[in-house]
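Below, chain A partners chain B and then partners chain C, in two separate complexes.
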Partner chain A sequence: MKFGPLLLLITVAVLIALPWLVSGSMLNAAVQMLISALFAMAFGLLCGQAGMLSFGHAAYFGVGAFAAVHAMNAFGGEGLLPTPLLPLVGGATGLISGLLAGYFSTKRTGVYFAMITLALAELMHALAPHLKTVFGGEAGVSSFRMPAWGIGFGTLNDVYFLTLVWTVLCIGLLYLFSKTPLGRLALGLRENAHRLRFLGYNTHALGTLIFAVSAMFAGIAGALQSMNIEAANYVVLESHISTAVVLNSFIGGVRVFLGPAIGGAVMTFFGHVSSDLTRVWLLYQGIIFVLVMMFLPRGLVGELVERIRNPSGDGIAHTLSTLLMRLASLAITAFGAVFLIEFLQRFLSPEYRAGVTDGNWPDISLFTYDWSPLSMSPWAFGLGLFGIGIALVTMVNRRVAARKEAQA
Partner chain B sequence: MSDPILSLQHVHKSFGEAHIIRDANLDVIPGERHAVIGPNGAGKSTLFHLCSGQFAPSEGKILLNGDNISGLKPAEVNRRGLARSFQITNIFPGVTVFENLRLAVMRKHNLQFVFWRSAARLQQVNEEVEDLLIKIRLTDRAQTLASQLSYSEQRSLEIGMTLASDPQVILLDEPMAGMSHEETDYTAGLIREITEGRTLLIVEHDMSVVFSLAHRISVLVYGEIIATGTPEEIRGNVRVKEAYLGEEAA
Partner chain C sequence: MDQILFALLNGTIYGLLLFMVSAGLTLIFGMMGVLNFAHASFYMLGAYFAYTLQPLTGFWLAIILAPILVMGVGILVERFILRHVHEHGHAHELLVTFGLSVVIAEMIKMVYGKFAVDYRLPAELNFAAFSLSGIDYPFYRLFMGGIAIGMFIAIYLLLTKTRVGIVVRSAIYRPQMVEALGHNVPMVFMGVFGIGAALAGLAGAVAGAFYTTNPNMALELGVMVFVVVVVGGLGSMGGAMAASLLIGITNSLAVGSDFRLADLMTWVGMGGFAEEVGGLLTMRMSSLAATLPFFIMLLVLVLRPSGLMGEKE
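Right after this comes the complex of A and B.
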């Protein structure tokens, strides 16, 4: 991949120019995307490279978030810990809690490992409301970003650049880490821990260390998050944060280096856009996850890398036209599905049913048209488009299969 | 006769009621190729598990270079100079052949918790990996995923990984299992080459391999070593004939 570094350079350049390219709301979303990209990368180290599926990574994200807020309050963004260095506190607390939790959880592997991480995170989440001095109860702990190094840190732009620098730096460090002996041993741990033991390695210590490094970067992500919103609440310890990082990383592709980051960024962006447009955006997120796992089990980036490494023998023109046909038919299918889901959601919503009087079913407005739920038209429209889309997808797949057979 | 490099003294191993190894005594002389043969279920693999630290003996002592290693963990036994391969191919399937060997070589250089150096720039490690690749004849396959190797190539890789820690004593557990004649000949040659200057303890079912490769042979039947000797002695041994070789000939 000769164009890899070039692509990376362009991406970083675009990210640097972003504040002048997009609106404030989008820039805010970009901050979130960066944070969740970094969080997913931390998770990816543990799950993708070392093969340990943690279901409780919110704990280390949360620990970092709270540590940064407390440090912000204690130091006032000056002295030893000026504002730009606060993520270090998140990283340090993540590292320490990761060492502790990792010591216990890496004594087991597979499902048992996952259960221990889940239990530890739930323990934190259950304890948090009772430890008011640390976690601030319902209200959480809030703080203010103070100016440091001649930077105000009051504007969104400043926060964006702070987050960008830390995220790029940490992802760079994670990349270098993956190239070190310890980073290579993470792969050995994933592939065959038993063999590693017979080669003379201490697999428990290795697992603990890699867990701790992953927790450290999760802590940095958490710190960036609480610095961004100038507060931390025990909501960050909730299990859906742990789940989201798992889903995002797998959607992006947990085995390829930047897969989790892309997954985290894309899904956060998707959440940002779709949560404004529809109430059932979580359903769409779930559907996307299931579809990616079913049809692109390597994840979005993983599949892309695989296609570039092992291109089909069709040549660029054929590959592109197949891709376009696939995308077009998928778009039709998706539109049909979205139409049906949105129509059903509106139809089943309590607001709509409150408006139903004496068998009088008012029209439902969707995509600028009014549709009567009692007529055939909306159902036929949605189902029809969905059906046509599926038929087209099948057709394209058959053609590809036929061509492959002809080649073979 | 020099002192044994590996010595089992009155070793006993039982799992609950099942007595797998009963009073096994075995001395392996430095530099020899020593084979353990015996019918299925005789306890050959258990014997290997005991020597390599997977299991601790219920009774008795296992000495490596005169030090008692019974009850030590696999990693510790490995550090003392005994490395083993496995009956079932035991490699890192999802990474390249090069990476497999690098992981094996790094341990020798005490590179375990090192996160401040680049693995690609470890000159000594890289050279040793290249050497191993030549020895196991997999240089052209260095960048192939281990899972995509042929069966006998995987077995070669397995042997290469066993060799990586530069052990004094190598234990090979049925290295030819499931191989064709050509592959078996090839692997026998490989084993002969790589065990030059080391001590080999090998479990193998293929008798033609055992009798041509081994300097001495021990026969394990129902957890007991009933005979040890040169191939000629073993061929002529009455008890062995009764217990094992005769059966096969009949």
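Right after this comes the complex of A and C.
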């Protein structure tokens, strides 16, 4: 792992140079990616390190977002703090709400904990529309970024750097936190809470503290989000935000330190790219998540790290060829599946159904060809590719298993 | 007075509906240790399947066939997905079912659209059972309550009076011993999972016609069911029943109430202060009704963390 720090330095260097490398729309996506990476890291602290699965982390993200907007509007728009320090307000609010919510939710462990976090988030979501003074009702609360410290904060570049500095700083702090005694105890809480209690630690207080720290970083992410769009709406408290962070973090892998961040950034990137290509991105995200959980329980980054640390002993040539064959057969399967899903989506969409006039089913254009939904060809094409892909995947798996057996 | 009677009756029936879904969840959890996050999705699937079948088969056959289809889905999920991840532990199973709930919700959105579908009860069931002080009480509510009670009795008899019930109950406590005696425990698990799913599907098929059938119904009900399970104590059928009724009744009583916290504070002479503060203090109970179950849950967590009838962890 000697090239680990080097890789990290290169990544940070690329991130710093990014505004000169990519277009404005991509830079906007990069801001979103950084925010969801930080949010996923906050979630990863709670879930990966302390083993507490929260289904309601949107609550603390949202609380941070609203706190930042109100802080920006404080003193007649002057702002409570200079603009670059505003995420601190989000963090502080996240910490306080995390202490409160953590006190209740860490009274139970395991699945109960998960259900309580979900219920608390839904409580916030149900309450928010009624508290107009705080959450601004349907319209939400909007505000402006004020110039500070000689920086205008009017351009996307300024916002990008603000987000970048905060994200890198927070991820660094999270890393240092994982090295503190409290951070080490989080691992103990995950592995064996009974034993920790036996050793004299107050596990409830411990859980509450870790929950609060996680909520604090989620609050900072929320603050960055609302500073980016200069508004906050109670939509940020909705369950799909909590869902997305769970999916992203686990797709990346919660047991390796940067796993959630990479998962969050990559999935947000794909979400951004595919938003004008497909309408069912969330479905793909869900399917990817289920597949990763079933076949790569460590997550994508976790699996990669594991493979690098413990090579299979096949030699580089075999490993590479197996990997290539796997990827190729998976690509065929995925293409078949995507074709079927996209075709179905277009076939079932209200626009298409509106175009159907008594028995006349127009062709559907997909991947540059026009397909008639009544003929066999699109269905056979999609299903056929999917089937061939699955067959290839099984074949590769059999070959790997056979070689392992021969070695043993 | 009649208002309160109506509210009590509505609450009881909503509670019974909650129980129909939470019973399956509790049964599966007690037996396999799996908290099935997708359980409420089965409820939603039941409603959508029944909606699809209704024009083809008529209402009665639809509410019989829909749960059977949902049972099929449940069995497939258990056999090909859950069993595959069983070795990675219960948290992993919870996550996979969580992912499944997302996939099911998105598929429903893809096929039926994002908005509510027009699933209605048939005209022959849409009549008043009785009327009190000029307000009609829909027969269908009583019908839903009746189905829930019938289902409860059927499960109770199945579990306590039959041979299958004995095997199921012993498989909960000593799965290895039961396996050693020659019973196919994985098969029993699959069956219980399927029946739990079918119960949720039946609840969905019946209730979807009365309430709305939309892609959010799984989440809305799912959260309530989780609250029920935390309040009642997981794995305890009696607890699930008590908590379902408690939450159903408080919910429907609150919807019809104009009570405000500020009124309470007026009694101790702080009314003016409360009016000034506003926010939560001056909100009517009726608009807070949706949040009341969560407050009950927090209260239970403080007073009795293991739930009303749950065992200590």
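Please note the rule applied: the second predicted complex is superposed on the first by the 402 of 408 C-alpha atoms of A that agree within 3 Å, B and C clash if a C-alpha of one lies under 4 Å from a C-alpha of the other, contacts with A are read in each partner's own complex, and residues count from 1 in each chain.
Note that a residue touches a chain if its C-beta (ideal position, glycine included) is under 8 Å from a C-beta of that chain, and two chains touch if they have at least 3 such contacts.
Everything numeric in this text was worked out from a predicted model, so none of it was measured.
Undergrad: On the A-aligned overlay, A:F161 touches which partner chain: chain B = first, chain C = second, or both, or neither?
TA: Touch status of A:F161: no partner.
Undergrad: Taking the superposition as given, does A:F135 touch the first partner, chain B, the second, chain C, both, or neither?
TA: Touch partners of A:F135: none, neither chain B nor chain C.
Undergrad: State whether A:L120 touches chain B only (first), chain C only (second), both chains, or neither.
TA: In the superposition, A:L120 touches chain C alone.
Undergrad: Any idea whether chain B or chain C touches more of chain A?
TA: C
Undergrad: Tell me the contact category for A:A205 with respect to chain B and chain C: first, second, both or neither.
TA: first
Undergrad: Using the superposition on chain A described above, determine whether A:E191 touches chain B (first), chain C (second), both, or neither.
TA: first
Undergrad: Of the two partner chains, chain B (first) and chain C (second), which one does A:K179 touch, if any: first, second, both, or neither?
TA: Touch partner of A:K179: chain B, not chain C.
Undergrad: Considering each complex separately, which residues of chain A are in contact with chain B in the first and with chain C in the second?
TA: Shared contact residues on chain A: none.
Undergrad: If we count contacts the way the header does, which residues on chain A are in touch with chain C in the complex?
TA: 51, 53, 55, 104, 107-112, 114-116, 118-120, 122-123, 126-127, 130-131, 133-134, 239, 243, 246-247, 250, 280, 282-283, 285-287, 289-290, 293-294, 297, 341, 344-345, 348, 350
Undergrad: Can you tell me which positions in chain A touch chain B when the two form their complex?
TA: Of all residues in chain A, those touching chain B are 176-177, 179-185, 187-188, 190-192, 194-202, 205-206, 209, 213.
Undergrad: What residues on chain C touch chain A, complex-wise?
TA: 29, 35, 81, 84-85, 88, 90-92, 94-96, 98-100, 102-103, 106-107, 109-111, 113, 219, 223, 226-227, 229-230, 234, 278-280, 283, 287-288, 290-291, 294-295, 297-298, 301-302, 305, 313
Undergrad: Across the complex, what residues on chain B touch chain A?
TA: Residues of chain B touching chain A: 52, 73-76, 78-79, 83-84, 86, 90-95, 99, 102-104, 106-107, 111-120, 122, 161, 164-165.
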